[in-house]
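Heads up, the next two complexes both have chain A, just with different partners, chain B and then chain C.
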Partner chain A sequence: MRVKRSKVLTGVMVLYLLYTIVPLAWLLLSATKTQDDLLSTPGLWFGKSFAFFSNITDTLTYNDGIFLRWLGNTVLYVVVGAGGATLLATAAGYGLAKYKFAGRRAVFAVLLGAVAVPGTALAVPTFLMFSNLGLTNTVWAIIIPSLVSPFGLYLMWVYSTDAVPPELLEAARIDGAGEVRTFFTVSLRLLAPGIVTTLLFAMVSTWNNYFLPLIMLSKPNLYPLTVGLTQWSNQATGVGARPIYNLVITGSLLTIVPLVIAFLLLQRFWQSGLSAGSVK
Partner chain B sequence: MAQSVAQEPAQVVSLPGTRRKRASKDGKGWLFVGPFLAVFAVTFLAPIGYAIYLSLFREQAFFGGRAFVGLSNYTEALQDPKFWEAFGRVAIFLVVQVPIMLGLALLAALAIDSARLHAAGFFRIVIFLPYAVPGVVAVLMWGYIYGDNFGLAANLNDLLGTAIKPLSSGWMLPSIANIVTWEFVGYNMLIFFSALRTVPGELYEAAAIDGANTFRTILAVKLPALRGAIVIATIFSIIGSFQLFNEPNILRTLAPNVINTYYTPNMYAYNLSFAGQQFNYSATVAIVMGIITAVIAYVVQIRGSREAL
Partner chain C sequence: MKSHRWGVRRLVVAGAALTALAVVAACGGGSKTDSASSSSSTGSADAVDAALKAGGEITYWSWTPSAQAQVTAFMKQYPNVKVNYVNAGTGNDQYTKLQNVIKAGSGGPDVAQIEYQALPQFALPGSLVDLNQYGFSQYESAYTASTWASVHAGNGLYGLPQDSGPMALFYNKEVFTKYGIAVPKTWDEYVAAAKKLHAANPKAYITNDSGDAGFTTSMIWQAGGQPFKTDGKNVTINLQDDGSKKWTATWNQLVQGGLVSNIPGWTDEWFKALGDGTIASLPTGAWMPGVMESSVKAGAGKWAVAPMPTYDGQPATAENGGSTESVLKQSKNPALAAAFVRWLNHDEGVKPFLASGGFPATTADLKDPAFVDKASAYFGGQKINQVLTGAAGTVVKGWSYLPFELYANSIYGDTVGKSYQTKSDLNTGLKSWQDALVTYGNQQGFQVNG
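And now, the complex of A and B:
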């Protein structure tokens, strides 16, 4: 079935596209301005001077380079947290899809029930529990909760069901390979698009995490970028205000860039993983 | 999505001829599922249990220590005007913002899937991009854009001669709704788009042979195929609305007189515990919200999976 492309439809969609892009364009343009230009020149055009690179230098060096520290923390939380979450979700999704074992239905019921309970109900008790365990103000307070991705588990469950043919597993067993070895040598490769998708979404939720580190951490040198940036932004108000708008804006831009690059580079993988796995 | 999960175990059980072999591997499944469940128990189940425990006690102001008070924290919460004000606000938000956001996402997905759009792949990735922007950055960015200082709102007011103040009390809720919409239309669009991709081509051919036009094809073929995805997106959006925290909490520094400490139930629970040290009551508020959310999400799922759109 061949259909004609429509200029009207494309035009309407361009309007929507503008809504998506204008704020980002504003951010990009604002990152090229000095604090004075920010306050005195139009939002959607360049300022009198081009301060993009000096803004970046200032952002990275302000307060003894605390921004780089926050970036490092964020990367640590993402690598260990999202990486671990992907590993656990992949193994569990695969286990649920490929093995029939006692208690499997119970696992399903508990997962579904617990996921319906919103983070609201969990945040404060989790803080109190971790506080009693002496885990607040440590990296573990961020990493341990990041290790669980129910969405990832679900995705890998559905994905494994289709992607790994039972005959292949039988063949590996007949050849004498153990279950764990089969998983690592045979199944993992087939699961790759699903794994990339799960990893990417776990990365986003860990990179963007704000509420959890906000309540768990009070030492600025453990902050991720999100909490650090809001603290910079808060400097603009209150007693002894020292606004650093240009640094907040440039820092925000630097926070976005890695994820956007990851999504663009891995586009083909995660979109096919999502199509095959998420909705049937 | 939820439907296919529910049906999935039955498929595996009914695989012919594998029953005895699989039964002998009973324990092996736990090898894979166990680690996930162990962490899940620590980060989900234990806090839920602890919250329930906390909600049954109250700190003794004069004598010190904790006293068991049964359900009295719950009766207090249910009669707490601050709680209901916060709840009412997120309920309005839910009823207005979620349909707009999901409607836009649905239209965008249908447009991109229709093959009538120039550069469809470009639209798909750009509309999705805000999802990759951390919520905090989105709020900071929009917060500045809203502001009089150097935001676009000021530029726009100068240009049009209007005096719209997005951070004033009348505009605050729509302003927050705009940020959430901007962030999540693309994500939902992608969920819908993925579902549309799984529609078998024969269905479209059959519809074309029956003489169905574009609109009729959407109603008869595409929307039914999207039902599961719409139900899931609705449930996630309900949970998200009731949990609203980041946006109002960050905007609070820009408009402290507009956003109070109990602007949303989540902010109320947060401020009760971290500013007020009322941990037991805070846990109660959180559980009440959790129960309300779970019940509504459950009802949506039951209705959504039974009724045709």
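And now, the complex of A and C:
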């Protein structure tokens, strides 16, 4: 079959492509410049010197290599926080979808409410609570709130409802498998695409989390990359300003690399998830 | 990994008591303010010296580039005092954290860097230690009048001035010469220069201003306006007083005529524009030379400094920027914290600050011939400090900031900023800023007239 092409639509898509590619190109090109070149050469072309590798070295060693520490912190928050959030959301979503029990509707109402409340709005009350617990300025101040993902729970609930046929569960029960065993051997596999989607969402939101660590942590040693890089960027402001935009830009580039890798590795699961159930 | 083990134990406690604590936090949040302890901490000048001798440990939050060097020098001089230096964030980020730890009642530093504009916001609700009790008022003659006024709120003394920023006109001599523009002495001449420059080169602007609260308040200050008056509880806001209107009458011509660049300050684009002549002048604080030397290398040899243009040709200027170090009420060792503040801004601590390019608030340093007559290579050999120290003596008196200045600055863009965007009358923006501030102030429990 011959596909009809629309010139207008193609044009719109080209514009959209440029819109998404140009900032990335700028980031890549800017990461090759020294601070002086950044300020004196055009944004979308190379500078007078090629400082990409020295920028990377400087970024990794500036302030006794605190960037690596921030990277490590971020990975910790993402692995434990987002990983834990996915685990909890999967188990809870599956339970809510597949078992009938009292209070299920109430949970649903609370959940919908929770999805509507942005995390930023809760940050200050959470700070006061954690401060009473003596948990501010510790890694737990970031990890514990990250474990709660109302949206992930909702997603897993909806996904489990359709992805795990009741007949399959009945069959497993008749064969004598316990509920826990059924969950791990039968359901989990069917839920994989949903889990990966939840994981990706949780990962991105934890990786990008800014406001919560900003107010919870005052020790630079515990910062994730988002807060640390902002601090570097703010260094360019006001009395005694010391701009290090070249390091901020190179740091930002290095920051997105792990996310890109995670997406590339996980996308095949995601795609199969999107098409699951479309053909019967 | 001691801290992690601690964390796990607390985690167990947390899990058990989570529901209960949510209730406690909800009920107890309001009662833990610092005002209750205001009478408990009294001291004297002797207490400060004794605390220094006894030693101890304090935490210091600051983002000033010289902080690390200062802390190192202090601990070398007083080995029995340990200062934990933390860069908790720059400006607003740090204030957010300070406000949170004050609300929470614990977790704050002993000493924190606070800008003059933010000081009333922390001092008036009683979160800071009044240093009068340590006899620090005796140091008045050591500082310029304007910075000494800036570390006061009500009758309290909440820090010793660290730096000052009397405003001067920084201009690109090369650009001015190229287009035959004389250095403006009055604001009328400045507007004329803006027109001449932009007509000769449509890409060049006399200065940039996309709406900046700190700049606006400084300019109203210079024009003799006193839009904010407060005794702590009662606040008067009048952004249409004579000074404010004097400033808008001048600045409207620049904004409405499209004669100022809309490049926001402190961006890479701004640093670039300062170097390549797109922005030809900056009316800004005396701390600017250090910033230009380290960050606008392309402008070396091109820039010069002149006194601020004025409305009537008589010398007058305002402060822009600058900060102090304050002792928090939360501090468990306020006398030692006060001793550290005294060392930072009155004793040896001033030297590392000056070495990092800071502009002093101490009259002795401002009079020091070695400082005043130093020729600056960046500014083509000009003895810029002669101009800048001159400015320090002509700051208009009587200015004060709001006790909620940080909030005011945060909504500036939504109100006055709109006038900039639409190139319309700044008075309209100032009025809506005032309305929003009156509403907010009353909600916060102040008695606001405006």
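Everything below uses one rule, namely that the second predicted complex is superposed on the first by the 258 of 280 C-alpha atoms of A that agree within 3 Å, B and C clash if a C-alpha of one lies under 4 Å from a C-alpha of the other, contacts with A are read in each partner's own complex, and residues count from 1 in each chain.
In this section, contacts are C-beta pairs under 8 Å (C-beta built on N, C-alpha and C of every residue); 3 or more make two chains touch, one makes a residue touch a chain.
Given the structure is predicted, the values throughout are model-derived calculations rather than measurements.
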item: Fit or clash between chain C and chain B when superposed on chain A; value: clash
item: Which of chain B and chain C A:Asn137 touches, first, second, both or neither; value: second
item: Which superposed partner A:Val124 touches (first chain B, second chain C, both, neither); value: both
item: Chain B versus chain C as contact partner of A:Phe101, first or second or both or neither; value: first
item: Which superposed partner A:Lys219 touches (first chain B, second chain C, both, neither); value: second
item: Which superposed partner A:Ala177 touches (first chain B, second chain C, both, neither); value: neither
item: Chain B versus chain C, judged by how many residues of chain A each one touches; value: B
item: First, second, both or neither for A:Leu17, with chain B first and chain C second; value: first
item: Touched partner set for A:Leu39, first chain B, second chain C, both or neither; value: both
item: Touching partner for A:Asn234 - first (chain B), second (chain C), both, neither; value: both
item: Which of chain B and chain C A:Leu190 touches, first, second, both or neither; value: neither
item: Touching both chain C and chain B, counted on chain A across the two superposed complexes; value: 38-40, 124-125, 127-129, 144, 215, 230, 234, 236-237, 245
item: Sites on chain B touched by chain A in the complex; value: 1, 4-5, 8-9, 11-13, 15, 18, 22-23, 25-33, 35-37, 39-40, 42-48, 50-51, 54, 104, 108, 111, 114-119, 123, 125-137, 140-145, 149-152, 154-155, 182, 185-186, 190-191, 194-195, 197-198, 204-205, 208, 228-229, 232, 239, 242-243, 245-246, 250, 253-254, 256, 265-266, 269-270, 273-274, 279, 282-283, 286-287, 289-290, 293-294, 297-298
item: Contact footprint of chain A on chain C as seen in their complex; value: 3-4, 6-7, 10-11, 13-14, 21-22, 24-25, 28-29, 61, 63-66, 86-91, 93, 96-97, 100-101, 103-107, 163, 165, 266, 268, 271-272, 275-276, 285, 287, 290-291, 294-298, 321-323, 356-358
item: Chain B partner contacts - residues on chain A that touch it in the complex; value: 1, 3-7, 9-10, 12-13, 16-17, 19-24, 26-27, 30, 38-40, 42-44, 88-89, 91-92, 94-105, 107-108, 110-114, 116-129, 144-145, 147-148, 153-154, 157-158, 161, 166, 179-180, 183, 204, 207-208, 210-211, 215, 225-227, 229-230, 233-234, 236-237, 245, 248-249, 252, 255-256, 259-260, 262-264, 267, 271, 274-275, 278-280
item: Residue ranges of chain A in contact with chain C within the complex; value: 36, 38-40, 124-125, 127-129, 131-140, 144, 214-215, 218-220, 230-231, 234-243, 245
